[in-house]
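Shared between the two complexes below is chain A, which pairs with chain B and chain C, respectively.
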Partner chain A sequence: MDVIIIGLLLGGNYAIMAMGLQLQYGVARIMNLASGEVLVCGAFGAIWLFTAYSLSPLLALIGVVPAAFVVNWAIYWLMILPLVKRAKTQGQLEVDCILATFGLSFMAIGILLAMFGGEFLAYSYLARPFEILGQPYSLNRVVAFLCSTVLCVGLYLWLHHTRAGLTLRAVSVNPSAAGLVSINVARTSALAFALGGAVSASGGALLSMFLTFDASTGVMFTMKALVIVIMGGLGDIRGSIIAAFILGLTETAVATYIDPGLTLAAAYVLFIVILLVRPEGLLGRPSS
Partner chain B sequence: MDRRSVIKLVGATALSAPFARVARAQDATVKIGVVGPRTGLMASGAAVTHFPQFKLWEHEVNARGGLKLKSGHKKVELIEYDDRSQPGETIKAVERLAADKVDFIMPIYGTGYNLAVAPVFDKLGYPQVTQAAVTDQIDTLTKRYPRLFIVQGSTTSYASSAVGVLKKLKDDGKIGNKVAVVNVADAFGIELANAGRGIFDKSGFEIVYDKSYPLGTQDLAPVMKSAKAANPDAFVAWSYPPDTFGLAELAKVENLNVKAYYSAVAVAFPAFKKKFGSAIENVLGCGGIQDSAEIRDFYKRHHDVTGVDADYWASPVYYSMLQMLTQTFESVGAMDREAITAHLKSHTFKTIIGEMDVRKQKLTRYWTVGQWQDGTFHAVAGVGFTDFKPVRLKTGWA
Partner chain C sequence: MQPRPRGFVQGLRATLVLSRAERRDVIVSAALLLAAALLPLIATDYWLSIGISIASFTVLATSWALFSGPTNYISLASAAFFGIGMYMVGAGLPYLPFPLLVLIAGVAGVLVSAVVGLATLRISGVYFVIFTLGLAELVRQVVAWAQHVMGASSGLYVLISISDPTLYWLLLGMATVVYLVGWFIGRSRLGFALRIIGNDEVVAVHCGINTARAKVVLFVISSTFASVTGALLAPRYSYVEPSIAFSPFLSFEVVIMALLGGVHRLWGPLVGVIPFTLLWEFISSKFPTQTTILLGACFLLIVYFIPRGVVGLLEDLFRQRYGALKALFKSGGGGRA
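Then we have the complex of A and B:
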């Protein structure tokens, strides 16, 4: 029972790490290697608001999320859109995006270093035991899990039951056909990209309650998110959510029953197995 | 010569005059190379322990007019390169500094990085003082490289003093003999765990839980829950900064009921105290300091000049090492590399941690285990020192 609850809590963390990238890569079709840095920016924002103004990281979300949305919107218009216009094929766009966002990640690291210095940043918030079935769990992890659940469910409902969501999914399936039915593709993609950035940043703010951050930790989160998005399949956020929970449960079970030293190995074995069995990911569409 | 040529000539001379002056000014400074990780895995530690030290040193030396050498007072000028936490880059940076013709190269940050550049220092003929480098290869390395000085102690000394502290508690009947041990599966963590296992065994401890976890593990809850379930009397984590924080938070949440709690790297960091406040009272870890007016003054100056709080492990040793180098440069009176090496091998130095002695190419006295007591990280064990604070028992995580 212990293992399942810890696994679910971890899975919730992973889901929120990956959700932003899923929106950006799966829907807007922009491979964003700076996704982890955006998450770290969100975390730094929350840490800064907490240490300077003792503002709860949950309240900090109110400021962090819109800020991240605006910044990512701007990044899309200024940096990504010219690449989209220039690219002749999807493949070329992906290569260009990987290079551009890789550069962007270094810029973000540099800016964070200049603003906050390179030290470890951490604070203590809700580091209290919270009992589930008589066992203590960290309250901050439980809160992060709940927020992550609300966010995932909200995003799913929005994508599948609103007109804006429908437009977004149409662009993700076929950008040129979407253009033909008078969807403003550039604007829709920008919306998905900005939303993805906002989700990543909110993930950072939530994770900052219990993880320690420094300016260079972003790449760790990008890697994890990438694994989950590819495992889950592009274009369907349910895939990423399922993949995140499978990963969380597997890692926890391996750490408890076999050896904590093998968690990383187990995660990648799982990744390889899924890719071998379903190269398009759990819920992904087979590429034409 | 027509008018235009004359104007050109005068203009060029006028323009070049400031450059000539700059060139002369540079001759008048002592150029010191600094290499370390501004970015990457090691950056967070270096931002506290490594870079601010050199800034403080430069500030203090230049504030008193510079280094007093035979040719007069010379200000110091730091030339810094980022090694991005990659040993390959560290090597390139040191070679670049040699090409810049620096007079001396300061210690590199981190064990692997210091050791990776030892052959390069040797080839280039620079004396190498290492810092933030803990290894069991001291004697082999210093024999191979006659200009190498290792100033932070051996891995085994850190493991054995940590176990020694617990053994004393056990022998005094204050704790039982069951110990849970975890370690991060990365360089220093693995070395400490390997060294520790045999020593625990010899000291009569029963290891009831012994597991490693990968660097960067997001959730250590399974580790902490399993360790707690083994019902230990003492908990030892040969850990690195991110997991030191993670484990302590979980120990607090799970209310890990041990009388002795030890975690290796980062317990001595100011951020650790900032995050946990009074909960970490009586937590043990690598490092420690012996309280003195001089050391307190050092922490104050460090904060005032660099804006960063120094740590309670390597920082005072770094500063002492820099005091040692300053005294050496001034006694030798020139930036003569062979003479500097010879001086380090034949003298002892007065520093904030007392007498510093590296005559055998390694530091003879250092603190190895500290404990948070009333908000200060006091040394409770060490090598070459005798006067320690008595160890206290952990009494909960409030």
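Then we have the complex of A and C:
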């Protein structure tokens, strides 16, 4: 029971982090391997605001999210768009994006190391017990879970019930066809990329309430987010959410019953199973 | 492919027939190899150790480019296979002789890369990249866990002395093997198939190429070289533990060096390895805290300014000059592109 609840709480936070990558990869078609670093930047932002100004991480979201949006918007226009224009094929673009975002992620790690040093950072916020079904859990995990649920639901409703969300989904289905019905694909992709970055950063700020971070943990989050997105199916937010919960539960179970050092191995076993059994993902469309 | 023994022998013979330019290339390469082999006789210990780094990265980057160059599948698994090789030697040394362990490391590389290749290379390239990105960390976690369960300590002492010149010559021999294999693949049906896959995988399928098999075979060859290199270098470390053997940094260095040199020529990676190793030696001694940020800068530099590597840059330059000369004299004569 313990494992299930902790797994679900963790899964909720994984969902938000996968959602960011889903927007960037599913809609903007940019394989962003710096997504984990964006998340770590969000977490460091929250940590810094808390330790320097004792600002609650929930208030910090108000500052962190727009900042991440603007930075990711700029990254798309300045760095990604030239690659999109240069690439002759989708495969070439993918290779270029992978290498460029790799470069960005190393730059980000280097800058964070220079600013904050290499040690693990954490702070104590709402570290009070909170009872679910008679068992105590720390309140910050519950609050983070609720916040990310609100964000996920909000994002889902926005995507499915507004005109802007509709354009995003159209680009996700087929960028060239979206262009034919007078959707500005470049702008929409930039919006999706920036929004994805903002969502990743908010995930980092929420995770920082109960996880410790150091400058180089980003790649772990990137890999987990990638596994979730692929497991859930590209371009499908509901699939990602289900996959996030599966990963959260699996990881918690493995950490509890086998060894806490094997969490990535657990994620990769799920990844292999999905690749072998259902490569298009749980709810994904088979690709052409 | 239907069995055609006679055709195969003929094909083999045809592969080995050399044009005049190729015979010249062979002579030049042999001379360069001989010159490189003389290094331990004249170099100081410091320069010999740099020579060992260059030789090992030449093997790693060139064998990386054998697979990733023609296919455009970025593999980030060098560190995983390098670490597997190193660990095989570290764990087996108390029981078995070193040469046998190097062989076992090669076999382990074949097995692991075949499994990874079969699982990921049948589907599109992104999955492969993502999987290889985590492979080193995955193997590290599993090894650390296995050691923990078996109650062994996490570190291993590699107590065998191989002198630096011997190691250097071994690695140089490896590099020669890589070049020969790469040269042979480039002239074989397999190499041709890979180039078609790299240009357009759908076309390759329609040509009747078994794309999955071609990719897996090349990935296995390329990864096996990495694990044998790891095995050979194990004595140099004298103390091996999971976080050293499976350091993911190695994969990124290999990718950068190969791309910096250029992956569409067999000797391209070498052009990247030599300056980068020297530069990195300088950087990590002068600015040890800024290595990450500089590595990132290298990635960005390559993607935005030299996407075809230094070799591509030189070729463009040469072609411009050559084109201008050709226009001037209005003479024919085809250069080998």
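Rule of thumb we're sticking to: the second predicted complex is superposed on the first by the 273 of 288 C-alpha atoms of A that agree within 3 Å, B and C clash if a C-alpha of one lies under 4 Å from a C-alpha of the other, contacts with A are read in each partner's own complex, and residues count from 1 in each chain.
Heads up, the rule we're going with is that contacts are C-beta pairs under 8 Å (C-beta built on N, C-alpha and C of every residue); 3 or more make two chains touch, one makes a residue touch a chain.
This structure is a prediction, so every number in the text was calculated from the model and none was measured.
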{"item": "Contacts of A:109 with chain B and chain C, given as first, second, both or neither", "value": "both"}
{"item": "Chain B versus chain C as contact partner of A:94, first or second or both or neither", "value": "second"}
{"item": "Chain B versus chain C as contact partner of A:9, first or second or both or neither", "value": "first"}
{"item": "Contacts of A:73 with chain B and chain C, given as first, second, both or neither", "value": "neither"}
{"item": "Contacts of A:82 with chain B and chain C, given as first, second, both or neither", "value": "second"}
{"item": "Touching partner for A:259 - first (chain B), second (chain C), both, neither", "value": "both"}
{"item": "First, second, both or neither for A:212, with chain B first and chain C second", "value": "first"}
{"item": "Which superposed partner A:226 touches (first chain B, second chain C, both, neither)", "value": "second"}
{"item": "Common interface residues of chain A - those touching chain B in one complex and chain C in the other", "value": "109-110, 113, 216, 220, 259, 261, 263-264"}
{"item": "Residue numbers on chain C that touch chain A, as the complex places them", "value": "72, 74, 119-120, 123-127, 129-131, 133-134, 137-138, 141-142, 144-145, 148-149, 200-201, 248, 252, 255, 259, 289-290, 292-300, 302-304, 307"}
{"item": "Complex contact set, residues of chain A against chain C", "value": "31, 33, 82-83, 89, 91-92, 94-96, 98-100, 102-111, 113-114, 216, 219-220, 222-223, 226-227, 230, 258-259, 261-265, 267-268, 271-272, 275-276, 279, 287"}
{"item": "Touch list for chain A against partner chain B, complex", "value": "2-3, 6, 9-10, 13-14, 109-110, 113, 117-124, 127-129, 136-139, 141, 210-212, 214-216, 220, 224, 251-252, 255-256, 259-261, 263-264"}
{"item": "Chain B to chain A touching residues, read off their complex", "value": "38-41, 43-44, 46-48, 85, 182, 185, 211-214, 216-223, 225-226, 241-242, 245-246, 249-250, 252-255, 266, 269, 271, 274-277, 308"}
